[in-house]
Amino acid sequence: MDINDLKHLLTAVQNGDLSISEGLERLRNLPFEDTEIAKIDHHRALRQGVPEVVLGESKTADQIATIVKHMAEHGDNVLVTRISREKAEALSNSYPDGEYDLLARTFVLQQKDFQDLGRGKILVICAGTSDLPVAKEAAVTARMFNNRVAELVDVGVAGIHRLLAHTDALREASVIIVVAGMEGALPSVVGGLVDVPVIAVPTSVGYGASFNGIAALLGMLNSCAGGITVVNIDNGFGAAFAATRINRKRES
Amino acid sequence: MDINDLKHLLTAVQNGDLSISEGLERLRNLPFEDTEIAKIDHHRALRQGVPEVVLGESKTADQIATIVKHMAEHGDNVLVTRISREKAEALSNSYPDGEYDLLARTFVLQQKDFQDLGRGKILVICAGTSDLPVAKEAAVTARMFNNRVAELVDVGVAGIHRLLAHTDALREASVIIVVAGMEGALPSVVGGLVDVPVIAVPTSVGYGASFNGIAALLGMLNSCAGGITVVNIDNGFGAAFAATRINRKRES
Amino acid sequence: MDINDLKHLLTAVQNGDLSISEGLERLRNLPFEDTEIAKIDHHRALRQGVPEVVLGESKTADQIATIVKHMAEHGDNVLVTRISREKAEALSNSYPDGEYDLLARTFVLQQKDFQDLGRGKILVICAGTSDLPVAKEAAVTARMFNNRVAELVDVGVAGIHRLLAHTDALREASVIIVVAGMEGALPSVVGGLVDVPVIAVPTSVGYGASFNGIAALLGMLNSCAGGITVVNIDNGFGAAFAATRINRKRES
Amino acid sequence: MDINDLKHLLTAVQNGDLSISEGLERLRNLPFEDTEIAKIDHHRALRQGVPEVVLGESKTADQIATIVKHMAEHGDNVLVTRISREKAEALSNSYPDGEYDLLARTFVLQQKDFQDLGRGKILVICAGTSDLPVAKEAAVTARMFNNRVAELVDVGVAGIHRLLAHTDALREASVIIVVAGMEGALPSVVGGLVDVPVIAVPTSVGYGASFNGIAALLGMLNSCAGGITVVNIDNGFGAAFAATRINRKRES
Amino acid sequence: MDINDLKHLLTAVQNGDLSISEGLERLRNLPFEDTEIAKIDHHRALRQGVPEVVLGESKTADQIATIVKHMAEHGDNVLVTRISREKAEALSNSYPDGEYDLLARTFVLQQKDFQDLGRGKILVICAGTSDLPVAKEAAVTARMFNNRVAELVDVGVAGIHRLLAHTDALREASVIIVVAGMEGALPSVVGGLVDVPVIAVPTSVGYGASFNGIAALLGMLNSCAGGITVVNIDNGFGAAFAATRINRKRES
Amino acid sequence: MDINDLKHLLTAVQNGDLSISEGLERLRNLPFEDTEIAKIDHHRALRQGVPEVVLGESKTADQIATIVKHMAEHGDNVLVTRISREKAEALSNSYPDGEYDLLARTFVLQQKDFQDLGRGKILVICAGTSDLPVAKEAAVTARMFNNRVAELVDVGVAGIHRLLAHTDALREASVIIVVAGMEGALPSVVGGLVDVPVIAVPTSVGYGASFNGIAALLGMLNSCAGGITVVNIDNGFGAAFAATRINRKRES
Amino acid sequence: MDINDLKHLLTAVQNGDLSISEGLERLRNLPFEDTEIAKIDHHRALRQGVPEVVLGESKTADQIATIVKHMAEHGDNVLVTRISREKAEALSNSYPDGEYDLLARTFVLQQKDFQDLGRGKILVICAGTSDLPVAKEAAVTARMFNNRVAELVDVGVAGIHRLLAHTDALREASVIIVVAGMEGALPSVVGGLVDVPVIAVPTSVGYGASFNGIAALLGMLNSCAGGITVVNIDNGFGAAFAATRINRKRES
Amino acid sequence: MDINDLKHLLTAVQNGDLSISEGLERLRNLPFEDTEIAKIDHHRALRQGVPEVVLGESKTADQIATIVKHMAEHGDNVLVTRISREKAEALSNSYPDGEYDLLARTFVLQQKDFQDLGRGKILVICAGTSDLPVAKEAAVTARMFNNRVAELVDVGVAGIHRLLAHTDALREASVIIVVAGMEGALPSVVGGLVDVPVIAVPTSVGYGASFNGIAALLGMLNSCAGGITVVNIDNGFGAAFAATRINRKRES
């Protein structure tokens, strides 16, 4: 029920086509989720400049193909995350224009042109080469969400001068995503060098007492640097999503 | 060593007051932390509109007094967090204008006027009344960082209509801090209703299998809603710090 | 906004006192939580035969007194849980008719007569005497929720014949709450002897590797007996609440 | 030894066919488990309308076939849970009428007609599509236990209006099983909307800090909504078993 | 109901004093826990040479006094464990002959003479002086259970020669209780030196990553030496109880 | 260096073949581990009636074959534990008389006759059929250590009458090994029924919150029944080793 | 038994004062721990330049006084660690020359002059002021072990330039102890700047997800910088002990 | 920018080829990481006698080949760790002189002669044969870092005499690496026998409550022997790296 329906209802009451008790009954049973959608409509608001997203990990190749077909029909951009090479190849047969990124494990179908909707640039920093898949997932996602993206690789804290050599890149970003496994110390150092929001992504890189990313996660949650927030282990997508919300230009 | 010092050095070399090898030596031993400060200077940049902050928890009343005295002399605003009533009373003797917030456990010495430095308003949402101390710490901190702040209390997910009644407040915020203990589900619901950045703060409220906030922390890290980032348990200060970085108006 | 308000609105539209666009505007902004309450109204439905409840643990004596006063004015029964002896004594001054149960840590103000609203009896079983506070909290709560309640104490699995001697009591119950700490094995044995719902409550009783109730919690979650569900550690109140929902007579 | 045996024994003593010392000896060695079964006999009571159940997970195809053969001979319904496609196919050769549900991983051999033994309907709610296998296991099991079952899929808390659109379904249920992974927040929201028993089933869906379902499990145990009980991670079968006990019509 | 009762019942049936149906009813309702006790009677069997035991920790001084009074009346020995100095002093007023061991936190009322009921001697070994309270609890308990007991203190693995100097003591024992905190390595070394049963007791001695005894507990569970079994953290009483069962002379 | 070597040394000194300083030097450097072996010699003492044991799990088929060959040459019995079917088949080629137990995953080469070296019988009790592999490992091991062994299967606590029907078997044992997964409650019940030593073996059977045996392990460590000790998860071998030490007839 | 005793024994055999079998018996029973001490004697070797150490934490003031008295009599230096102010004051009465360090919680009785026994200097670095107690314990201990010690305070990674300003101090050290709580990232940065051994000490400083030092401990164990080793949480003493072993000048 | 660049800059200023403001600008923007490298240059200092190292685990055979090619061109020694047999065979085709150690999982390309750069010998001790892979990784690494290395295998604490028989080897080492899984007790015993630095390496050897090395890790962190430091689980490489730093001969 949208505003037109409401207008018709009131007109019918005014006209006497609908008795008050009938109108009352219809209003009382008004499916509030519809007005709720009408009022908030965050999905539509958000969708401007946002792709359709499919989490490929727990789905079969067939399921992914069905969903992507449905999405692609509307001409929107489509992003499939955590999709294996095998599933991506099956998808490529139907969508030869789609691009698969083996490292990021993303499949991208770009049907609309990129338009920069951000206030500034999102910088994705990556501690070691083993953290690259998560960093790449964040970078691909952020671009598909219509942000400009820069990347900085292999600047772990054990060789701090490598990071310090890139202070220009740090200062140019409007949001920084820091991806690190093992002890997860990089966000603390970065957070101390800049004054923009820093989103920390722990990765499951490591062995033994890294406990599949718990060590990095705890390190980031306990960062002594202010202004750092954290997402789930290996959640490059989520970091890019949050960074998009931060970076999005708003009219207000 | 600041730019003037560098200028003097170069002038002395040009004048012959300093030989090249002497200049070389002085430059080679140049304390780089100084140039580094000069170049990055995030502290100063950030400090515009930022109070001096003291973490009161692990310090004695005397230590706090000494630090606050040092800070207050520059005329800056001073914020002491996690300070007990006893320590705050001792501090009030020296600073009768300071305000202690028993719930937030903050002591605030406002020496400069509030100026709104944000793009919009920071909204602090609180699931239950037991989460109030953390929410208040976030709100007080955010205000001291020169942000406009709104608050919403007792809108936990078990009575979802209480939250839905406040969609206007949700839509007006530029950043939302969601404070919740127990199962920590509120950020997921909020994150699904808005498209601005949401910072989730787990609290140690609960008992038994809440494990002093671990349940809430894990719930928030695994939120099925996009765009949510998380800070440490009970870290209202950190959430406000991160929200400030997001909300800060920048010239770029 | 209740049904009367809606009727007035429609009448005003019919009368021409309100234009369609004005009516539209008022309906569009209709606080949906109100219709939502009107439609679902679980609170009222549930409240029949249900006391007002205050969790006393994290509140000051003053806060509790204020809340209880507000609740007691409506003539409802009031239940305060997890309230210390000191706070209860303060409360007793204002409500000399209230009863404090030191073991259960409950304060009960019975203003309406007990009426049996259940299909049958709720049986609360307790493994050891140290588990009694949690069992008592469950029993007091269940009675305040207008259920008949029976209790069985000190029937731990290490002396299995003590439990087997009470099969009559087991068979007479319509729901059984089993409270146990340490290894938390009692619900498995009980669940194998009856065919009614069994709610298991782990307690923090124990030391060392009981980890404040984790051992009992895990034991209960892994019960090899079917039909057992679990609540949080020491959550006697929650078990009684769930048992009430199960035991409540419904017209359907 | 049942009551008839006892009667014969006593008659023999009365007749002198059995001396007192012989009778004493036979009574003293009376296998008490038999009287115990005679007295409690929960198995038979429960079995009315209950299938034979085999947990397929840790058994070989041969072992399953042997057990199913034994069970099927009595003409009972047979339910095999957690059975892989390979094992189910082997089983289908012997029981072509059996139905395998790939998603629920159940094999069902329906030899007796369904009869509704419940007070009402069991509703199985599922937060996301990845939680479907556990929800389906619960639904299939509940039906095999002779309950009417309704299902509601993909109504996670991040899009709360999806759930609110189904309040009718919620209100019609006599028990609700809520299946959710990740942060496990759905039971709290559902528990706040209804006043019937809610059984929460955490799933191992998620990654990183979901720790194979621990995050969801803790979230559910700490639910701020009353009346919620919890079963083991991924335990759709157990939830359906408990729901059956709650829903079962009793003569009392 | 014991065997005499059964005999009377049968005689009454034989005499016609009791009809068959009356006898049947009485037998059918026969409280089986009694026959069960009659048949197993482990309590009595065990009680020979066993004191009455009260766990003092979670009881008030009054509660302890009441229980001890009840026990002492039968002339049995009484052992109170985990009892604080304050509670023990209160108890001493009523039982001036009782002995309080401050280190072991035990109160002992010896009313019957010690008699050696064991096959051999129980040796209690203690890694460090901080582990002494647990070791003493084990030693006092074992003596009260009528075992001969020897003790060996401060023979931790970091000074392995201290232990090796006592091989005679090791070889003389019939059971060895090894009490150790921190890394809990001592049982492995002892287990490699002897061929009698070794019971390992982890203590909560340590700090940081000892996690209140978890480190020691895990160390002991993973001992590379065969023949070692483990009890709960700080459970000196339980170790002595198990050692008594092992050491008890049996007629078989 | 054995006693003969010592005798030769002393004789040489007496004879003057060795000067005192030479003898001194040789004695000072005397490899004390040899005297230590001579004095304690637990290995030999234990070896009477004890097989050679190989842990097959982490070894290749070749490594196992080499070790077994070395052991078998001395005519001793050989026990290989945790050996897969593939490795066992390879071994069977060389030792056609060896017996592989698929369930227990043991390979047994019996070269010496069984001789009963125990005081009584070791009873191995098993909660469910899934726990059988661990129970079988314990049983096979105990027999190879020359104990008489009885077994009791599928007597879990959810059907307590199944266990109670076997009180005779319980009372005949001199040591009882109780093997259980899931909630691990069986040892508590057994420990309450008997007065002989009970060794509890948690198994990794279960899913979800069983955490691969942690739930069972914690349950057993926190048993409310006295006299229970615990070994590592799935450690059937270790339980049998400990039971052997307890059951071994000693001359003392 | 020392070498003289051995010489006497051999002489007696040579003289015929002792028969070979008597000598044999005496040698066979030779308390090997003595020869072992004689051979290894690490205690004495180490003691040169090492104080007597008492762990004050779990001891009463009386116990500490007794032990210190015993130690002080030999004229050695005495170090008491983890001693509270109250206990230290009691100790000061007997030893007015002793120095109590409130921050380090150490009591030092210096009876012998400091002598530098190290190859170089031990540098103790401390991330934040809250980590100072642990750092001070390390520094005081290292000095009492006769090492030269330097200290560097408040150089956490969030302000990396503060650390970089002290590269000279870093390069001058022969061993570096890095003390840090919260995320524990400092050792990684330091380890990347130097090539000497780095010992990382996690502290329990932090709150929430720091879990009393677990976050810092895991961070340090997973350091991406090579050459870093770790000690227990808050174990400043242990770090100093290990650093002493590394720094100790050896004749080899 | 190196010192020559600085010299040219100053010369240009002196010559007037560069104005002061131009020089100022260039100096102000001076990439400080370069001076930082110039000043610290730990990489070069360390590289003397140090191989190039590649962590093979998370890299493809192609990636490893590319990196090794790059490294080998400079004539340095190359060490690849955690490399599988398959990848190593691929590598052997290009580098037939390379040596693959199947146990240690290392591939070594020795292009420069070994030169002893250490003060003494590094001893690698290994508790059980299952710990050998980690011990071998440590030994191979230490040799490639130009240390003399000795090895001691299978000296676990359950047979303490095996270790005591090797006191000579212990005393000859300048650093000892102790590798142990299960309860991880060996370092405590070794630490008590020597006075040189001991580096403990927990391994993931074990099952059940060993939790993939956590038990050993905790045991080592809580060692009651002084002077022990710990590295990550299975981190043989890290232990050798740290041992190298300790053992390295320095001119100071």
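We just call them A, B, C, D, E, F, G and H in the order they show up, numbering each chain from 1.
One rule holds in what follows: a residue touches a chain if its C-beta (ideal position, glycine included) is under 8 Å from a C-beta of that chain, and two chains touch if they have at least 3 such contacts.
Please read all numbers here as calculations on a predicted model, not as lab measurements.
Over half of the residue-numbered contact pairs at A-H are shared with one candidate from B-D, A-D or A-B, namely A-D. Taking the CA centroid of chain E as reference, the farthest chain centroid is that of A.
The pair with more inter-chain C-beta contacts, choosing from B-C and B-D, is B-D.
Rotation angle, chain C onto chain E, C-alpha superposition: 90 degrees, expressed as a multiple of 5. Our note on geometry: chain F versus chain G, Cα centroid distance of 41 Å, whole angstroms. Averaged C-alpha coordinates put the centre of chain B at 55 Å from the centre of chain E. The residues of chain E that reach two or more other chains are 32, 36, 39, 164, 192-193, 208-210, 214, 217, 221-222, 226, 232, listed in rising order. Taken pair by pair, the chains that touch are A-B, A-C, A-D, A-G, A-H, B-C, B-D, B-G, B-H, C-D, C-E, C-F, D-E, D-F, E-F, E-G, E-H, F-G, F-H, G-H. Residues 36, 39-40, 42, 45-46, 119-120, 164, 167, 171, 174, 192-199, 217, 221-222, 226-233, 238-239, 241-242, 244-246, 248, 250, 252 of chain A are the ones touching chain B in the complex.
Of all the residues in chain A, the ones that touch chain C in their complex are 3, 6-7, 10-11, 13-14, 16, 20, 23-24, 27-30, 32, 35-36, 38-39. Residues of chain A that touch chain D in their complex: 31-33, 36-37, 40, 57-58, 202, 204, 212-214, 217, 232-235. By the touch criterion stated above, chain B contacts chain D in their complex at residues 127-128, 156-160, 164, 182-185, 188-189, 191-193, 206, 208-211, 214-216, 218-226. Interface residues of chain C facing chain E in the complex, by the touch rule stated above, are 130, 161-162, 164-165, 205, 207-210.
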